[in-house]
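Below are structures written as structure tokens.
You will see two complexes here that share chain A, one where it goes with chain B and one where it goes with chain C.
Up next is the complex of A and B:
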């Protein structure tokens, strides 16, 4: 992939991909495979969890190929370990690139987090301090990912439950600077902004003020739990909450259009329910 | 600004992640551990709602819950045998011995069968059943994740000269597990998958062919009668076809005709996709 250009040159990354900017998509999960193949719903795209298709077993890829014949597929990762201390895993990137090329995936996204340390994998998206010293390190690694994959790389903001003593800039500043200095893209999760704003007591509109809208590759929506303690828990196990819809409406007004994807990863409902939930995005945009 | 490829992480990042990994993988709640709670206060800011240790403990709880659930998903029959508390104790002991090391949760249980074989924490009355069930369920995971070989070329069978069969070797499908179990673990697992809550089985010696169907890539099992199992095992060891049949026939009771049954077995095995290749023996090559 060529060296990144100035942000202003890349106003419409959708023009370089097969995903229309207004498209609505759904996270592809195994309980929906059969219904998708049978009903062939009208939908802009599906997003896969890339790691689920990197194993030797042919079954997941076989199912995916059938769906990819009818729908554009984008890929989302959960294990790049972008903020980890270990060098990026070149074999992993190579397998990702093979998957991207085989399915003609227009872009790849993963999180601004760390996931492993010295051989222990947490299988979690762990936050790191919002420390300006980390920004060049994160930006360099994100750039390396984008170069290795050969497609635009979207960096996703986290939901989090801890604040660090070493936090010296707000999350939204840290996030924007990593996106801009890497020459990569923003994968903006609206639900994560709401969850973190409630857990850490900041104004989510202030977060939106800082989003580099011209670099937003895609937006995520999801549901989360409010625990009795008041803590917001990013569970992806229920419909999208009203606060998330409100912030999505505001995001659309400020930065739309952008491809919008619904994640539903636990207590997964029938496909029709997930599609109805996604359809609310259309109503919110036109309200 | 971007750091160059393979730049070292900023000072202090690795030691912070090491500390956090120690906290997030701790066995007991962090607020109750004075030493770890003190370490939390050095790194985690906390807020009005949660102390630093309580914030960090969210990630610790998720670590155990996520990996416990992943093991339970792959080993439902073992969980049924041990009960909720018993399986929780087993999974904690297992994860302490084998922390998650791969990006894929599918690899989490790669040591479960060997760990269970040596684990002394099972209730004595359940130990043998638990180990057999772990062994069976481990085979299912392995078979699901394995790569498929190329399909058998029918010309290798039709083109084999008559005399060639006397020295030909049958290559079995690499995703075939031949298992002798002291309990019918396959029946227990099957009943659980059908949503039942079966009683724990009594000991019964079974011989199983467990394999991934080439037709639909699902995992299947078939109970085999002893001579069929012995023949498959001999073929799997590389014994030429005729010699393997002779050895099995020699072990059978006098008067039981084996010839006709072998033909029927091979028809079955071929239909199940267990024969991956037929290799001519040295004698046939010379002929």
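Up next is the complex of A and C:
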């Protein structure tokens, strides 16, 4: 394994400038397509769930092409299976690369988790132990993804509900080391930090202490639920909570500017409501 | 850096196998809701979870993933089959979804693909029920086949479930078809049509579906708004309606058509236009024949504007893209 890359070793010049660092973006979801085409809101970029454009129907990609004529598009994945035990799916990577090239997508992001076993896809983002033994494995696979896609690859921290006896390093150490040893980038989800900190009892500021800010490609914001059991559930079905805004403000102070993206995946409100939520991000930054 | 990061540690495979077994274990519906049975979780996996201080127990935390797995897939199948799930109720539909997913676990990154094959299984179950004759009275023992038994338990009329399946499939087909553009016939083509010689070529996306219950109002594109808590009753129409499902430039369309036009469209699938028109006229009453003559030009204009026809059979496809296509006529 080669030596870790550092900030100066930017293998993709312009990677961090292809989306303006101050840009605000929104997760592109079908209920908003019509309003976006009609209203053309002032937004820095949209983020797609890549898997939604790899299916049998040509319609989603046709719609996306029209929006991509007016806005930069970045791609987010949910099925790389970075911590899965099986080899990476080369066909999937190939389809992703085609999508990235067709739409000139400047970077791709996916999660530090596993998503499938023995060919069966779970359609969920599943946690693996924070065991140092997994770090070179995950870093090597992330490196392979970045090489295969030909654009910077941002690794997203996970929200999780279980902790393992094998968790012998803190999540933030595990995450930082995978990002740094892979030569890839960080896709920091602030909501996920809050959810996991509440579920596992750690200090989210300690997490931020460990973030490699010079490698942060993008930041995610979203809402989550508090279940009757007390667990925080990463649902993306409501406005961003106060704890998440507070941590975002702190993150911006420590590592900003960085492109910021709002995810809203269930109980999706009218476009105007989602845009109002992004206005809050502007206010938080300037406060 | 070595691509792939080498081999995974041996324990990872074992952990993921046990976790997968938890996720894929069917939820128990015996209490009238879908619930996990935490006592059945593999002890080896639960022992690897950290208990921590306070908060939910490890098995309860694991159960969150378990429930989420099934609810996400149930929702995906309901979205793909909005009419079947409404016709049967989401409760009974979810049982069929669980049977389908047990037989065919998802293997594609696109969640929508999880529904692939469901329609065929449902179709075969409906055929088996129809072959078995009229509905059993409640006192008779339930059907031995899990699919058939569940359809029977839903008490939905078989004809309604069959129509719901056909409409859901027609919508899916339109969704997965390309838009072939709008055909603007040349004077020569119109002259050939007037002679009644050629057959019309239908757009790949175009499907006719009949409706005796008000099922068309449900749609895969609006499924997110249809929540099980407020089911509107599905009423039977006084007479059969026909819908055309098709692709437009910007989406899918569901268009109600007059019964006479529906007959003509149906005949045009197999016969040259002139013969199809004559066949429909032959079956018309005098009033219907008058209506046919009065409406024919408008119907043809509708079909052309909607992209249902792409040209004449035997000729090169000549449909042209139009940015002014009108989607969402329903």
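Keep this in mind: the second predicted complex is superposed on the first by the 271 of 287 C-alpha atoms of A that agree within 3 Å, B and C clash if a C-alpha of one lies under 4 Å from a C-alpha of the other, contacts with A are read in each partner's own complex, and residues count from 1 in each chain.
Criterion: a residue touches a chain if its C-beta (ideal position, glycine included) is under 8 Å from a C-beta of that chain, and two chains touch if they have at least 3 such contacts.
Everything numeric in this text was worked out from a predicted model, so none of it was measured.
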*With the two complexes overlaid on their shared chain, look at chain A and say whether chain B and chain C clash or fit.*
clash
*Quick one: classify A:30 as touching chain B (first), chain C (second), both or neither.*
second
*First, second, both or neither for A:226, with chain B first and chain C second*: neither
*asked:* Quick check for you: in the superposed arrangement, does A:84 touch first (chain B), second (chain C), both or neither?
replied: both
*asked:* Just to be sure I read the superposition right, which of the two partners does A:39 touch: chain B = first, chain C = second, or both, or neither?
replied: neither
_Looking at A:143 after the superposition, I want to know if it touches chain B, chain C, both of them or none. Which is it: first, second, both, neither?_
both
*Where does A:268 make contact in the superposed view: on chain B (first), on chain C (second), on both, or on neither?*
second
*Under the contact definition given at the top, report the residues of chain A touching chain B in one complex and chain C in the other.*
51, 54-59, 62, 79, 83-85, 87, 89, 92, 114, 117-124, 126, 128-129, 131, 133-134, 136-137, 139-141, 143-144, 161-167, 181-183, 200-201, 229-231
_Touching residues (chain side chain C, partner chain A) in the complex_ = 1-9, 11-13, 15-17, 19-20, 23-24, 47-50, 52-53, 55-56, 58, 60-62, 64-65, 68-69, 72-73, 76, 105-114, 175-179, 221, 224, 247, 250-252
*Which bits of chain B are touching chain A when the two form their complex?*
1-7, 9-14, 16-18, 20-21, 24-25, 42-47, 49-50, 52, 55-56, 58-59, 62-63, 66-67, 70, 99-106, 144-148, 217
*chain A to chain B touching residues, read off their complex*: 51, 54-59, 62, 79, 83-85, 87, 89, 92, 114-124, 126, 128-129, 131, 133-137, 139-141, 143-144, 161-167, 181-183, 200-201, 229-231
*For chain A, which residues count as touching chain C in their complex?*
1-2, 30-31, 51-52, 54-59, 62-63, 78-79, 83-85, 87-89, 92, 114, 117-124, 126, 128-129, 131, 133-134, 136-141, 143-144, 147, 161-167, 181-183, 199-201, 227, 229-231, 233, 266, 268
